[in-house]
Amino acid sequence: MTDDSPRATDDAPRLIERPVAAAPRPSADGDGAGPDAGTSRDTVFSSRDVNVYYGTFRAVRDVTFDVHTHEIMALIGPSGCGKSTVLRCYNRMNDLIKEARVTGTITYRGTNLYNERVDPVEVRRRIGMVFQKPNPFPKSIYDNVAYGPRVAGQKRGLDDVVENSLRKAALWEEVSDRLSDSALGLSGGQQQRLCIARAIAVGPDVLLMDEPCSALDPIATARIEDLMQEIKQDYTIMIVTHNMQQAARVSDTTAFFTAEVHSENDSRTGILVEVDSTQKIFSNPSDERTENYVTGRFG
Amino acid sequence: MISRLSDDRSRAAIAASIERRRVDTRGLLFKTVLQSCLVITLALLAVLLITVALDSTDQIGTRLWEFLQGTLRSRSEDDRLGIHQGMYGSLWIAIIVAVLAFPIGIGAAVYLEEYAPRNRFTSFIEVNIRNLAGVPSVVYGLLGLALLLNGQIFGLDRLTGGSSALSGGITLAILVLPIVVITSGEAFRAVPNELREAAYGVGATRWEMIRTQVLPYAAPGILTGTLLSMARAVGEAAPLILVGAISGRLGDNPGLFNIRALTDQFTALPIVITSWTVQSGRDAGFIAAAAAAIVVLLVFVLMMNSAAILLRNRFEKKRG
Amino acid sequence: MTDTSVVQPELLTVDQLQIAPSRRHREVIIRYSLLVAALVSVLVSALIVWSLLREAWTFVTEVVWADTWGQRGWFPRRGLYDIPTIVVSTLIVTGIAMVVAGPLGLGAAVYLSEYANRRVRSWLKPALEILAGIPSVVLGFFALTWIAPNLVGRIGKNVFLVLGAVILLGYAAVSAAMARSRIKQYREGAADPSARIGAVASIAMLAVVFGLALAWILNVWLEFAPNNAGSLAAAGIGVGILTIPLVASISEDAMAAVPDSLREASAGLGARKMTTATTVVLPAAISGIVAAFIVAISRAIGETMVVFMAGGAADAALFTDTPFDGGLTMTAAMASLASGTDSVVGEGLTFQSLYFVGLLLFLITLSLNIVASRFVSKVREAY
């Protein structure tokens, strides 16, 4: 069942020691999912003129960009620029807020997510989410990870799903002997990795991460960042962060957002300034506002 | 397996799977069941109010004024049947509760929230008060009976005149005391600490700080609590039965403003309602009389309750 | 400008750093008066326990114990204090009250906390609070004049049968599952005779309870006589209505304490609202919900007026195990002793029996409340 072969190479610089047994890679299945899958440029998401309103207030204006498979896309920008709001459009979490309304189109692998026939529940099974604060359920570690598959109706083979997900989230070594303990007993960093395992267990295609490290200490943050590098082989990742170093360390592509302040009522509307490869954004951005932000002159 | 979805690249398959909008029958059913729980509950409330209103028309519709002025009688046909003794008794009880339970209860809450050191004795008092709030009301009746009527302790029966409005009032004051302490305590805990520090910062003593900052800020919360406990006291019957409220015929009929009435025999609205309801088995006319008395009682009790609810919602909104 | 003398700083004494004695004295007086107010509650508790124990002790030492057991009836004026009579009636009333209040209160709470939007809530919650504020004498009247003829008299028999069947089937399902594991134990424990005996005994017990319950339900159903007067069932439904708001508000508080991040996490994993409510919110709030039920049970046991008015018994009652008969609960027995004659009089130990029953009631409700507050503090600890 489990592929015990060691991982091929580690491409990210190691900040701390990692347990040897890391997540198994899916075996190549004739689909071309080889080591070069990360460089494939298939489009996962493309958003066109996306606006988000809360009641009459426009929180985000005219956002247009694409996200490609097996890349880590970072959304950065000053606070109040709507990064999290944009992120939550991609798995329709904004549906849970009564007043929120989304216009424009977001296509996911060719299908408009906001087509009225699309079921947000099914969308969220394919597009998982990791939240700002670790939010494990007050259940056992095992039940947390098994939650998504169970909700989807899976009854058999849960043990394997739990083990594989925890391995991918680099948590298996730490918790394998206490799977039935309460998840609330884990440390903050472990809880967040558990939440990642829980999201992975559903078998998603994309992971949305909303400032996943903002509640964690630097060591736990480094672990999560390493983890992202590993799992990007299997998933497309979008991460919101207000930590520019983090964006520079982990992401392949970066989208920079900023906020227009409306002087009449002091409200803010988020706008997308530019999207480019992370290297370019941080070394040679084309927009002056981006340069001011990444060099610390603004924000 | 785990990454099965990322491997299937067929756009058509993906589109088909996320567009497969199943009708969530179980979810709808669940929601309907939950809704019907609320609907049944509220329907029962509505039926209760309508039944009482309809039953009461025989008395309230035809002889409201006489009914309000009348007295306890043994037959429902009696022209002098009415509830004025019950209303006077309830009024006296309300006054006694306000005079006794409110100052002691609020004072206890001030001590517990603002003065008391955090030690085992304080938490013992707090646990004790919480447990008192859960003691059935009939047990308070037993306390009143032993303490105020039978003179087993301190000869208090000579002071209260035995089975009297004073005994009933004191018993109900003891009954609502824990409620007053708990609700006022919650109001004090909602006072922001900055206010206290600001008052200390300009040289206020503790009591001056409490009087000028804590009490005014907590006033709406305290008022809510006192209104609720007053409504509770006015509607209670069980302890009054045990301290000997009159349900049959009340002898003489002292006026409302005669202080001697305090130590005389008494009755109260809930007792009148109980007595008439129980007697309706042999004299069906008492159903209308009991319903009419209930209308009068509900007017008072619901007015106090809704005032309390409105007051609380208003201030909750204001202070976010 | 040319002044070279150094200005001495003004020195302060301790006296100058004290507040005026009058202010200080006032502080001390107020502090101690407030302490006295706080101690009143302790005094009240002590007096309750003392007065209950004193008379109850007389009862315990002087009563003929044969008159408190197996006399099949509560006839205090004749010196028969059959405790099982009033305890069984109390259990029946409490059971019916919880069958009414449990599902309705919990369902209402789940709806309010998980489904209702703010506008609906702002109407529904005050409506429930109005219901909570209705005095119990009013529900007593309602139970006698409306519930008894319209609910109990007309449809009580069949509702009882259906509910009884549902509960019995649930019990059967649970005990079948338990029996299966016992049978497995029996097979595996072939070498260990004590395990075999245990397995057989527990299966037998499950079966006996099932049989007794079935016999009881059928007996009640067959012997049902249409009767529009008060009964334990009518009183139980009335008490149930009285406790719905209690169950609803405590359980809703517990569910409101469950952080929204858990609901988001569940939605983010593709769970529907119903799944989130039943698999995340309810389990997370379970201590508070258990507390709500315990508090409601305690309240139902202690409720007096509804049973006194609608329970269908005056001042004495024969033993009954049928909800459609009239009966006296512990509280109603106490109230009936004191009413009618307008004072507590009676032969022998009537007065003392009042305190003995009161003491029982006090101990039962106190222990239930203590257990409930344990559960509530568990909720607070978790979040």
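Per-chain numbering from 1; labels A, B and C assigned in written order.
Methods note: contacts are C-beta pairs under 8 Å (C-beta built on N, C-alpha and C of every residue); 3 or more make two chains touch, one makes a residue touch a chain.
Note that the coordinates shown come from a computational prediction; the quantities given were computed from them, not determined experimentally.
Novice: With centres defined by CA atoms only, which chain is the most remote from chain C?
Specialist: Of all the other chains, the one whose centre lies farthest from chain C is A.
Novice: Identify the chain pair with more contacting C-beta pairs: B-C or A-B.
Specialist: Most C-beta pairs in contact, of the two: B-C.
Novice: With centres defined as the mean C-alpha position, give me the chain A-chain C separation in Å.
Specialist: Measuring from centre to centre gives 48 Å for this pair.
Novice: Based only on mean CA positions, could you tell me how far chain B sits from chain C in angstrom?
Specialist: Distance between chain centres: 18 Å.
Novice: I'd like the Å distance between the centres of chain A and chain B, where a centre is the mean of that chain's Cα atoms.
Specialist: Here chain A and chain B have centroids separated by 52 Å.
Novice: What parts of chain C, by residue number, touch at least two of the other chains?
Specialist: As it turns out, chain C has residues touching two or more other chains at 272.
Novice: So which stretches of chain B touch two or more other chains?
Specialist: Chain B, residues with two or more chain partners: not present.
Novice: Hunt down the residues of chain A that sit against at least two other chains at once, touch-wise.
Specialist: Within chain A, residues 122 contact more than one other chain.
Novice: Within their complex, state which residues of chain B touch chain C.
Specialist: Interface residues on chain B, with respect to chain C: 24, 26-27, 30-31, 33-38, 40-42, 44-45, 47-48, 51-52, 55, 103-105, 107-108, 110-112, 115-116, 124-125, 127-132, 134-143, 145-147, 152-153, 163, 174, 177-178, 181, 205-207, 228, 231, 234-238, 241-242, 244, 246-248, 270, 273-274, 277-278, 280-281, 287, 290-291, 294, 297-298, 301-302, 305-306, 309, 313.
Novice: Touching chain A in the complex: which residues of chain B?
Specialist: Checking each residue of chain B against chain A gives 1-7, 9, 11, 14-15, 17-22.
Novice: What residues of chain C sit close enough to touch chain B in their complex?
Specialist: 19, 23-24, 26-27, 30-31, 33-35, 37-42, 44-45, 47-48, 51-52, 54-55, 103-108, 110-112, 115, 122, 124, 126-131, 133-142, 144-146, 229, 241, 244, 248, 272-274, 277-278, 295, 298, 301-305, 308-309, 331, 334-335, 338-340, 342-344, 354-355, 358, 361-362, 365-366, 368-370, 373
Novice: Touching residues of chain C toward chain A in the complex: what are they?
Specialist: 117, 259, 261-272, 275, 279-280, 283-284, 382
Novice: Mind listing the chain A positions that touch chain C in their complex?
Specialist: 91, 93, 96, 98, 121-122, 124-125, 128-129, 131, 133, 135-139, 147-148, 150-152, 184, 195, 198-199, 202
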